[in-house]
Amino acid sequence: MTTVSIVGGSGYGGGELLRLLLGHSQVEVKQVTSRLHMGEYVYQVHPNLRKRSQLKFSDPSELEPVDVLFLAQPHGQAQHNIEHYASLAPRIIDLSADFRLRDAANYEKWYGEKHAAPEWLSKFVYGLPEIHRTELSAANYVSGVGCNATASNLALLPLVNADLIDLSAPMIIEIKVGSSEGGAEGNSGSLHAERANVIRTFSAFGHRHTAEVIQEMGVKNISLTMTAVDLVRGVLATAHAKVKDGTSMKDLWKAYRAVANEHPFVRVVKEQRGIYRVPEPKILAGANYADLGFELDENNGHVVSMCAIDNLMKGASGSAVQCMNLMMGWDETLGLEFTGLHPI
Amino acid sequence: MTTVSIVGGSGYGGGELLRLLLGHSQVEVKQVTSRLHMGEYVYQVHPNLRKRSQLKFSDPSELEPVDVLFLAQPHGQAQHNIEHYASLAPRIIDLSADFRLRDAANYEKWYGEKHAAPEWLSKFVYGLPEIHRTELSAANYVSGVGCNATASNLALLPLVNADLIDLSAPMIIEIKVGSSEGGAEGNSGSLHAERANVIRTFSAFGHRHTAEVIQEMGVKNISLTMTAVDLVRGVLATAHAKVKDGTSMKDLWKAYRAVANEHPFVRVVKEQRGIYRVPEPKILAGANYADLGFELDENNGHVVSMCAIDNLMKGASGSAVQCMNLMMGWDETLGLEFTGLHPI
Amino acid sequence: MTTVSIVGGSGYGGGELLRLLLGHSQVEVKQVTSRLHMGEYVYQVHPNLRKRSQLKFSDPSELEPVDVLFLAQPHGQAQHNIEHYASLAPRIIDLSADFRLRDAANYEKWYGEKHAAPEWLSKFVYGLPEIHRTELSAANYVSGVGCNATASNLALLPLVNADLIDLSAPMIIEIKVGSSEGGAEGNSGSLHAERANVIRTFSAFGHRHTAEVIQEMGVKNISLTMTAVDLVRGVLATAHAKVKDGTSMKDLWKAYRAVANEHPFVRVVKEQRGIYRVPEPKILAGANYADLGFELDENNGHVVSMCAIDNLMKGASGSAVQCMNLMMGWDETLGLEFTGLHPI
Amino acid sequence: MTTVSIVGGSGYGGGELLRLLLGHSQVEVKQVTSRLHMGEYVYQVHPNLRKRSQLKFSDPSELEPVDVLFLAQPHGQAQHNIEHYASLAPRIIDLSADFRLRDAANYEKWYGEKHAAPEWLSKFVYGLPEIHRTELSAANYVSGVGCNATASNLALLPLVNADLIDLSAPMIIEIKVGSSEGGAEGNSGSLHAERANVIRTFSAFGHRHTAEVIQEMGVKNISLTMTAVDLVRGVLATAHAKVKDGTSMKDLWKAYRAVANEHPFVRVVKEQRGIYRVPEPKILAGANYADLGFELDENNGHVVSMCAIDNLMKGASGSAVQCMNLMMGWDETLGLEFTGLHPI
């Protein structure tokens, strides 16, 4: 068995990762650290793991060598200890934002502070298999992905791959998100009585995940608008762009089908009947799928491209496990078989 | 007392109208018709009115003369009986879509069928006081407003009024809506188990309310994208536009303040602290306010303008009562004093 | 105009009280204090009051004399300053738990600490008009009510009034509550991602509000079981008791109708058709009604009695305003006319 | 591979069953019938199965022989065709209520009509492994379980097994349920705008599932009170009973631990700290666990026993698959490994 450990396992991303790793046939979870909860059973924080695991949270200072080390700490921490972690494990997957951007100046621009380990940025591969599958197979260091960036990148991927976008027109991505994106800490606005029933556009533009879309899609004229809605898990990105002149629905179908055929976790959802005709995060809780849809206004070339994901799965821990599978040469879908529920 | 009646009072719009009229100091509700529920107490359908009213639903065929007649039927019905209704009341306010558009050809384009009473279209004033206050004061026939159109129109109003929009750039309005917009009939997708937890982009463009925005704002290059979210009452429109070169935040503040100062139900919500920094429909349930907010990306002139309303109030019945107040020469806010609740 | 002030106006109860008092025709709100938010506009904390009030939170130490003083602080504070407050106002209504129980030993039993002003306990009248209307008319000092106690007391009131309960059998009251009951502070379990979708029986018995039911209903063999559900505002108490032998449905109808006829805010909800056949807090948000229902199993005398209220209205601030109306000799319903919304 | 088919696969129970069977290592799904949807892909009705299965719904009249046949039709249908189904498969598991009660007179009493195949009632084993594991291992015909009955039976199981209940005192079980219990058809009260935010006690006593509790627990003096709350999946039963004199917390712990140790899907949840101290259906969506908790008031012997389940899993399809595993001699937990999600 391949041994794995998680640093920072008491947050939502860490908990989801632990759930996936405990169900993964090729790995054994050795340690899960938490400064706040060390000594407690992991199921006391992640109650879904009761009777599934008798692990206790470890002291972070007692981290032991392991085959694959997952880092699931809040942003800004991994970069300060990356040398130490690299001494403990030949392979590292960091879910935080610390190693997602390739350029230190870019990091400083979006995160407002100098990167503490800029020399490590080039060693990491951005952890989205739908873009970097080949590099991931050979990688030792893999970054996580921003959940909103992932929904945006995958919404745009078929259009960018097929070179269908008129890049001179601005792209506007409207993202609706559930409350788990705010993390297990929350703030005053995360209180149920304040957060329930909201439609709250908390960021009109300038969200940090924008940097990952610019980097990964190679587009520039783009903005992400963030709206919180009443849901726990899930992200829907609705991307507005302009297609190149002459682009037809047939071209779009071809582009989307190509992406869905290439990637096991990408599905095209575009039905003429039934309730579920378009991508919806509702049915993706716990699943690693990215559901894509699109509409084209042939009068003016306005394309509306949608991507729904579970922010804790495809937008965080699911993609991380998928990356591990690629790094280790295993089947890409291992441990990620859960299909999601309906109804829910 | 001024006598009023409601035709089609068992739907959500009709029920909300009845609630408002029962609490209005200047009117007496004479009849509320419902083909489906005639003979039943109104509180059996609208349970909030229990102990507030002993009215029963009347047979529509027994409608009597009245000072002001409200029509709250499904779309496509009022136009077939408008002569009859006009013989019963000198003043008519129709909440449906039948008399919102001024042009019969335009009606046919968006609604897919010929208008049954095209000669009446020019007699109606579009029932949004923030645009037509003066005409409404002299009007006998007033149309309702589309709830999504209202959120869109009011989001754009300060920008259009101050001539700040670069009309050569496309305008994209992303609208998030609650389930009451679907009406009391619903469909298979309205079932709680299917509709709860959704983020469902059910219309990428082409929504009929677009016609009201084009007509009322005088803009053309515009699209409305509709997304259903988990909420019962409420609409948030997030409008993306480009301002004219040289437009500053100061210009925007001036434009928004002017609109808020002129209209008793418009508020600007743009705070630096606290939980409620931006417009949110959550706190507007039952209130007639339209809350407006905005952000400007000074790098590229991208303006994000928001408008939150209660779809059944400012987006339907509240605006209708406001119109009645203007038509009758009463204080515009009469019967619309409820401020909304927090938390909720 | 009668002048009123609120001590501790930034919580949910204080905010709801402020909303009601601002809309009350006979009073002028002079001050609203908040240690945490002093200097801020009240609408920055209670966003529904924007454009309705330009009041700012005052420093508690600068409280001025007033006709009626409302205390809306967390439990355990009012009792330490009651002499000071009494020197500032001839009439005091305290929403907290400090003066609800008449017996100091009983207070210590349920609240776990000695009462700081036991000599004041006998000066206060328990602030539930449906039980103490006459005393309230002559009272200078009135306590608030526990929201769960209120739902329980009103569920039992018709049965107790008509002497229909077999007091030898245990009474079990199952109470389901929304998240606003937890207050604006909340705790880790109040985070939206944790609190959404819950059915959480957080207290099987021993809830402090039990003491108010024992005191006010004069029953002993009783328990309250508390379950949190996914809702912001609202309480439903489902009381299980045994009726005396020979009690019929007719007796129950008579008992319930008597209570509903006597009290303007009590309604009986027991329908044979329609959606809203039983009491439901859903439609009571913002309304001061207590909706009562009942079912009798004639085979064994098991009676199920239900009471739905809005915990912030009839369960707190609404009852407090109703008490003020009685104390001042005004119409009991003044300022409490809002009927609630449907749908919501 | 063992072949299985599902009759009536378009409902919520059928869909959940299909999800489980598609992920089960020992079976191959041959046919899924649906009169309404025949010819459609199963993923058009159960969107979570997209890219997981290319099955189409079959015509019920073209059902073929199979090793295990699951019946997932609405109540009242299977009993009319049981001979036919038995001719097609040596093993049948019927999720409906048709074969849950052993006594035809009892069936008629609770379901209001004569049973169409009373001679088959004795051939079926009640499909709850926690009660009938041994018989299930030898059974050919297995009934489903009522979800509310299951939550009630499992809440009482430790108390009944250990003979701790004072059977002379009435037992009151308060059950809170999500909307998926109403099925994919729904009614006017199932519309999202009406069903959201509810706390609706729709049945005070007399619910049909009571018959299964009386039968399986061997208790008589019992009532089930049903309250709908805002959740899609999940049931919480809170059972109130009286323990025999002298029963201590230690006795209860022993009784609960014994049940949890014996049954792989039973967990005891009774924590002193953390957010999840008691059983909650919230974290059980998709999982087959039954979480049990308890509290004892030592002053009066009042025990409050809780059981949380996912109504579509342990309360329906999950138990059905568990039964199949036992019937086939496989590991009881096969195909039921999903742990549930947190947060959700």
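So that you can tell them apart, the chains are marked A, B, C and D in the order they are listed, and the count of residues begins at 1 in each.
What we mean here is this: contacts are C-beta pairs under 8 Å (C-beta built on N, C-alpha and C of every residue); 3 or more make two chains touch, one makes a residue touch a chain.
Computed from a prediction, not measured in an experiment: that's the story for all the values here.
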item: Centroid-based (C-alpha) most distant chain relative to chain B; value: D
item: Pair from A-C, B-C or A-B with over half of its contact pairs in common with A-D; value: B-C
item: Euclidean distance of C-alpha centroids - chain C vs chain D, Å; value: 38
item: Euclidean distance of C-alpha centroids - chain B vs chain D, Å; value: 45
item: CA centroid of chain B to CA centroid of chain C, Å; value: 35
item: Multi-chain contact residues (two or more partners), chain A; value: 12, 180, 184, 193, 197, 230, 232, 275, 280, 343-344
item: In the complex, chain B residues that touch chain C; value: 12, 15-16, 19, 22-23, 40, 44-52, 180, 184, 232-233, 267, 269, 271, 273-276, 280, 283, 285-287, 289, 291, 337-344
item: Residues of chain C that touch chain A when the two form their complex; value: 12, 178-180, 182, 184, 186, 190-193, 195-197, 230, 232
item: Residue numbers on chain D that touch chain C, as the complex places them; value: 169-170, 172, 174, 176, 188-189, 193-194, 197-202, 204-206, 221, 223, 225, 227, 229-231, 234, 236, 238, 240, 242, 275, 277-282, 293, 295, 297, 300, 302, 304, 306, 308, 343-344
